[in-house]
Each structure stands twice: as C-alpha cells, then as structure tokens.
Amino acid sequence: MKIRDWRSVAFTGATGLATFCIVAMVVVILGNIVWDGAAQMSLRFIFGGTSEGMFDAQKAGVFPMIFGTVALVVLMTIGVVPVGVITAVYLTEYARHESLITRVIRGAINNLAGVPSIVFGLFGLGFFVQFVGGGIDKVFFGGQLHYAKPALIWAAATMAVLTLPVVIVATEEALRAVPHGFREGSLALGATKLETIWKVVLPQALPGILTGAILAVGRGAGEVAPIMFTGAAYYLAHLPKGPTDQFMHLGYHVFVLSTQSPDIERTKPILYGTVLVLLLLTFLLNLTAVLVRAGIRAKLRAANG
Amino acid sequence: MTEKQPVETRRGDAGVAPASLSRTDLGAAIIRKRSRPGEWLAERGIFAVSLSSIVMIFLIFAFVGREALPVILGQTSNARTQKPLTPDEATKLPADKLAKYIGVSVSELKGYDAETLKTLVELKAEELAQVSNTDSRINTTSWQKMFQPHRWLGYDKPEYIWQPTSEIPKYNCIPLFIGSLKATLVALLFSVPLGVAAAIYVSQLASPKVREIVKPTIELLSGIPSVVLGFFALIVLATILQTIFHYSSRLNALVGGIALGLAVIPVIFTIAEDALTSVPKSYSQAALALGAAPWQVAWQVVLPAALPGVFAACILGFGRAMGETMIVLMASGNASIVSASILDSCRTITATIAAELAEVVFGGAHYRILFLLGTLLFAVTFVTNLVGEMIVHRLKARLEGA
Amino acid sequence: MKLFVTTILIAAAVAAQAQNVTVKGSDTMVILGQKWAETYMKEHSGTTVQVTGGGSGTGIAALLNGSTDICNASRPMKPSETADFVKKFKVRPHEYKMCLDGLSVYVSKDNSIEKLSFSQLEAIFTGKITNWKAVGGPDLAISLYGRENSSGTYEFFKEHVLNKKDFAASTKTMPGTAAVIQGVAQDKGGIGYGGIAYAEGVKAIKVSKTDDGEAIEPKEATVLNGTYPISRYLFCFVSPVKDNGAVAAYIGWCLSDEGQAVVKNVGYFPLPKNMR
C-alpha cells in the first residue's frame, strides 16, 4: 500500500507539474508582453501614424496597421460568412449523415483547416493575384496592371479561404443547438423547409454564427504568412484608398519591427506596444466568441435533455 | 401540383399559416410549396455552395502544383551552354537562331531596330561572360541536383547545398527537409510529454476548479498569433536559453523548436484530452470498483483505451509543426546546414518560402522550386491530417460502440 | 457666371498639374525614400510621391510592367533584367546613383580582433577558416551571421568581398540587419555585416583590401573619400519614356544639396559633388 501511495503521488505530481508548466509559460509570455507593452500605450501611439518615421518610439504610431488589419478582416468576413453558413446549413439540415458526399465535404473541411498558412500564401499569389487578377486585367483593362498585384482584396480573399473551416464548424454547432421542436413546429404550420431554415433556424442560431465570424476574425487578424505575398506592405505613407491598394498589418508589422529595425533596443517599446495591441485585438475577439459559445453549449445541453 | 398558389398562402410569416386555411387546405399547401421550383433551385444552390471546401482544396492543389509543374516534369533548364557572340557575329546569324540566342520570338525580333538588337546582344554577352566555368553547363533544376549531393566547383566533396541566388544556383532541398524535421522533432519532444501529461491530469485527476482554469488558458495559448510567439522566441526566449545552456549561436533549432512546441501544445492537448474524455465512464468505474487507485485507472485503463487518440494528437501536432512559418522564420537562425545537432541553426521549408518568394523572378526556376516545396508541404500535411482524422474517427466509433 | 467658369478652369488646371510619382523597390531604401518624399512634398505641393518597399527585385519587376515610375534598388540591375527591359521598351533604363552606403563588418565586443583583409573575410565567410586563431584572434570557433539571400546587402557582400563564392552553409541568415547585430552582440565568436549606421553593441572592425594594405576604419570620411573598401551605391532606375516632368524634377531634387542633406539624416552618405 505504501509503494502504491508513492507512485500515486509521483504520477499525479508529474502530470500536474506538466499542466502547471503550460499555464506558467502562458502567464510568463503574456505577462512579459503586457508589462513591457503597457508602458508604450497611449492615445498617440494608437491613433498616430508612421509618417514621422516608423522606427521612432516617440513618434511612431500603429493606426495604419490597425486600420489595415480591420479593413482586411471586414472584407474577409463579407466573403467567408455567407459561404460558411450555407455550407453548415447544408451539412446540418440537408445532408444525409453518412452519405459519401457528406463525408467527402467533412474531410475537405478538416483538411482545409490543416493546410499550412504559407501554402495559403502561395495559393493566394498563384490563384487570386496572378490567375484571377491577371484575368480581370486581361479582360477589362487590356493587359494594363490594375488587379494582378498584391492588394487588400486578394489578401482578404486568401484569408477567407483560410478561415472557412472556422466559420463552418462554429455555425454547425449553433445550428445543432436549435431544438428540433422549432423546425417541426414551423413545418407543421405550413412553412417550407427553406422558409423554416431562413426564418426559424437561422435567427435562433445567430449568436453562434456570430461566434464563428468572430473566431474567424480573431484567426484572420493574427495570421501573417498568407498575406506576406498577397497584400501586406512593409511601409506605406498613406492609408489604403481602395481594395486594390496594399495595406499595413499589425502582425506583419511585428515581424518587420523585430527583424528589420535599425536598432533593436531603441525600437523595443514600439515592438512591445504593437504586439500588445495585436494581442488585445485577437484576445478580445476570442474572449467574446468563447463567452457566446459557452452560452450556446448550455442551451444545447438544456435542449437535449 | 405545379399551379401557382395564391399570394397570401405563399408568404406565411415564419411559417404561420393564415387563419383562413382549413386543415385540408394546409396539407395541400405544404405539398404544393415543397415542389416550388424556386425552392428546388435554392436547395441546389445551397448544395453547390457547400461543395466550396472541396473546390478550394482542389484549387489549392491545382494552383500551387501548376506553378511547380515544369520543375516536376523536368522541363526547366538553367544550363548555360551558349557561347557569347560579338554584335558582328550576331548580325550574321539567321533570324531564328538569333531570336533563340537572345531569348525572344522571331516576330518580336522583327520589331526591333538595329540599335535595340545591338543592345540586346551586348547584354546577352555580358550575362554569359559573368559565368564561365564548367558548372554553368549543369541544369541545377533537375531532380537529381535537387535531391542528390553534388561536388560543385570550389567544394571538396559532394554536398547538399541550398544556395538559390548563387552564380550557379544550387537548389538541393535536403538541407531544408532536415531543417524542417529537426525543428519539428524538437517541438514534438517538448510538446508531446507536456501536452499529453496535462491532458491526462485535466481529464482524469484534476478537480473541476483546476479544469476551469487550465482549459481557457490553453485556449488562450492557441489564440496567440504565431508571429507573437516568434517575436517572444526571438527577443526573450533566445536570450534565456542562451544564458542557461551557454551555447554559441543565439538562434538555433532548440529555440525555434521550443517556440514551435508552444504552438503545438494546444493541438496535442485538445485532441488528447478529447480522446481521454470520450473513454466511457464504465471503464474507469469498473476499475475503481475493483480497488484500483485513480492514477492506476488513468494510466492502466483510460490511457490504453484512448491511445490511438493520443497517437493521432501527435500526428496532427506533427502536421502543425511542419507547416508553421513565422515562428521558425524568426527564431531558428535559417542556416541551411546539414547537421544533426539541435544547437545548430536550421532552415525549414516554410521559412525558405516566406523569406525568398518576395524577391524571385516570377515564373523563373527559383520561383517554381519554391512552389514545388509548397506542394510537397501541402502533400505532407494533407496525409498527416487524413491519417490523424481517420484514427480519431475510428476510435470514437469504437468507444461509442462499446 | 464668368467667375464660376474661371474658377472651374483654374480648378481643372490645378488638377491637371497635380502630379503623382510612385516609387517602389528596395526595403533598405524605404525610409530614405519616405523622408525624401515628405520633404519634397512640403515644398512642392503640386506633386504627390508614394513610396513602397518590397525589395530591389520587386521594384525592378514593377518598373518592367509599368506599375511604378521610379525603382529604388540597392544593387545595379543584372544584365538579364536590363535585357528584359530592353525587350519591352527598346532602350536601356536610366540609372541614377543616389547616395553611398558603407557596409561594416561587425564582431563581438569581447573579440580582440581589430582588422581583417578581404582575403581573410572571404576565407571566413566561405567557411575555409573556422577558428579566430587563424586570423590572429582568440582560440574560439567562428560563428557566421548574414542576410537573407533576397537582400541587396547579401548580393553586394558576396560579389565584392567573397569574389562571388558561396557563403558557407553554416551562415545563419537573418531577415534584417538588426537581427544580425543582435546575434553578433550576444555571440562571442560571432561575425556579421550590415550598414555602418547600425553598429551599436558590437565592434565594427577595420578592413583592408589587400593583405598588406592599410586597414581602414568604417566612418563617414573614409567612405566619402573612397578609401573604405566596402561601400556601395544606392540606385534609382527610371524608364526613359517617363523620365521627364515631375519624375525628372523629383530625382533632380533628390540629387541636389537639399536632397543629399536628407541622406545624411537617415544614416547614409551623400554623393561627392562631382558625381551628381
């Protein structure tokens, strides 16, 4: 019995220690960033631009990057949400559970979620910028260069493909949480299946769909590799004026500041400040999504018994 | 059946039928509505849109692969076998040979005046004069040169060399494969024990209170953008590790791998924890009833039952680590060395694509080889995802059956 | 009514005069290009100058397909690139030398080495010499730091110091000069290269062109009088068809005393008067 106790303590201790290590690392990373980044936070930093030099801790701001990141995710959301929601509707409302096509679609979604982000970058360059953009230029502009170059719209399109699985999975979960009684009641009252989905199921699932969109935005705001070749700019003096302009991006700016800065010690405050802004942006989005989702799960449990 | 219905029955708000309808009318209305062509079309539309994921996977493969195709088929050649010509010699050449020499079509050639032609011939001679050793006759984009060692001029022995902007561009991919595997291996050595142990603890041994702290923390970790982890590794972690281990080169596979591990932990933890929790309660209750201690139940009953899931977690973690870009680009040192030591720098496939693609000539050999690397990467992660998902699927089916 | 028409005409005339100049290319030159643009626009309100980076290669590609007026480059155009340009426009692009940039060789502050010759640097960076002892330093393994192979700095160093030989495979390639300096500063056996203006926390050593030649310290005076051996020009390329009006005026201003004063503020060196 004694030996057993010893082993029990060791086993529980070892696994507990591993858990503690992970939590501690997260705390250290976030603590380090918040501690050093908070010092740089000011209204001037957040609303300031880069026109006075982007490597000067006293003058540089991150507004162009915040603007670019927001513009990117807004365009991305417009692209990804309709497609993602419709796919989820098909999977939950129409598809037969174990048919071949359903399984292939699910496999494709899982695989899409696992494609490395740099491959999305290559894809965006090869497909959106060169094939689609080049095609538009050839057809409408007689070969003049308007669309076949890195631009906000192509980066957003690439990001939309990357975040498609996120939206689908979250929406599916939300649709499942709508009790069957709602659908049956609606059908019994004479609504068609499509009307039921449009007027009963989707409104009920709206918070969940929003969660999906928010999660996608959180993911889209943080990814850098896919936009490096499809639209992000190293430095711009002006905000992008239209979807065919390049843009500055918070994540890409973190990369630029931590590798290209002329004097790493002097620019460290801007770097930490930018990282903190990026983290706050993604975390606030993720936190909202987590809270909304927790509510949906509770509802799902209630609905199922 | 197909006759048009009165407007008021077609537009029932939220399915509320107008009160004027009798029960039999309602039934008929439902049947009529179900066969409306508009609805049928919309359903087809929904189905079509839902295929988008499949289409996207196909497009990714097609368009990344398309750019790499000439290299895969061995159609590219950068061997320079021409002899430089003087302008006088060039003007005596027949048009088709001259066009081939300066790299234009015959019709384009006819559009040039004498002055332009002379400039082009001079430039070609200048280009050819830059390289004049035997290596310039080698087509360095062939499969053999990309995967087998070669003894280049100025080197003592056959070597695997990735030097794509050299005078003689050398595109051997082996150092990059080694780099990717090295970083991934370190990442897995770091994240698998931690992730799996934490999953066991959280799912089997921890109190609900601990669980409520740990799970959101790990979601938090998975929400940190990889560029931030890369930044942390580059600025903070590299310094810490160097002070502890006293190695010479600041950025190496160890730093990159550990930072990569931080990105992989959430993947491994989530899947392993999911697999462990899906082991039916009856297993552990039976074991507890037989007098086993909780740790024995976790170690000898639940873990073996969920082992395929834990294995799948490792496979998916491997896929994630292979595909991660920003962390290794910033923290692994990016030297394309063939070396087994984790204290040497390493250059991964992903970092190579990210660092080099911006400046290559579009459509050139270097560009195509970077796309080839992308295709290989895509294929590797595709297979790991497929295998991982399959294992999880089967395990769940089995456990739910039991 | 008359006034109205006149106003419109004047407005139209002003609009027609508002010129747009786009500049694209080398990341090394983005900050310089931006400072030039700002100062220029303050004085010439009729012209808008837009500067973006992306790399010398990107800029040259943009020049070729007409999406930029001016291409910044930290290296000369390659013959094959010039040939592509000639094939399309039937003339060579105009090349302007804009300013001078010196490259320093950095070592750790703890390293006792003071100077190196080109042949020693070549042997070190190609991996022939692997210990500092061989060049008169401490008994310590050499650890190499360099730039990504897409950077103009990489190509320049390779062409002028390494005689076009390959860098040793063990060279750790950093995405920016800052990372090179950070690496060398914390690596006792480290050696790296980068812009002169950057050398903080590391030691910039003296360099001699030949083994028995005088080793020259990298600083403004030695770069300007041409004695420091590792210096390079930074270029602008312009398509001859566009080299007039606002573009020509802008380049002309950059090469003037006023433009060259900006160069100094950013950490590069102005062109000697006889070269402008």
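Labels A, B and C are assigned to the chains in the order they are written; within every chain, residues are numbered from 1.
Operating definition for what follows: a contact is a pair of C-beta atoms (placed from the backbone, for glycine too) under 8 Å apart; a residue touches a chain by one contact, two chains touch by 3 or more.
Keep in mind that this is a model prediction, so the values were computed, not measured.
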| item | value |
| --- | --- |
| Result of counting contacting C-beta pairs for A-C and A-B, higher pair | A-B |
| Chain separated most widely from chain B, comparing mean CA positions | C |
| Inter-centroid spacing, chain C versus chain B (mean Cα positions, whole Å) | 34 |
| Separation of chain A from chain B, taking each centre as the mean of its C-alpha atoms, in whole Å | 17 |
| Rounded Å distance between chain A and chain C, as computed from the means of their C-alpha atoms | 37 |
| Numbers and ranges of chain B residues touching at least 2 other chains | 234, 329-330, 358, 362 |
| Shared-contact residues (touching 2 or more other chains) in chain C | 54, 174-175, 179, 182 |
| Contacts with 2+ other chains: residues of chain A | 255, 258-259, 264 |
| Chain C residues touching chain A - in the complex, by the definition given at the top | 27, 30-31, 34-35, 37-38, 50-54, 65-67, 174-179, 181-182, 195, 197-198, 200-201, 267 |
| Residue ranges of chain B in contact with chain A within the complex | 9, 12-17, 21, 26, 29-30, 33-34, 36, 39, 42-43, 45-47, 49-54, 56-57, 59-60, 63-64, 66-67, 193-195, 197-198, 200-202, 205-206, 210, 213-214, 216-221, 223-232, 234-236, 262, 265, 269, 293-296, 298-299, 316, 319-320, 322-326, 329-330, 350, 353-354, 357-358, 362, 370-371, 374, 377-378, 381-382, 384-386, 389 |
| Chain B-touching residues of chain C, taken from the complex the two chains share | 54-58, 61, 78-80, 82-83, 86-87, 90-92, 126, 141, 143-144, 148-151, 154-155, 164-167, 169-175, 179, 182-183, 186-190 |
| In the complex with chain B, residue positions of chain A that touch it | 4, 7-8, 11-12, 14-19, 21-23, 25-26, 29-30, 32-33, 82-83, 86-87, 89-91, 94-95, 104-105, 107-123, 125-127, 130-131, 161, 164-165, 168, 185-187, 189-196, 199-200, 218, 221-225, 228-229, 251-252, 254-255, 258-259, 264, 268, 271, 275, 278-279, 282-283, 286, 290 |
| Chain A residues within the chain C interface of the complex | 51, 53-55, 144-145, 149, 233-238, 246, 255, 258-265, 267 |
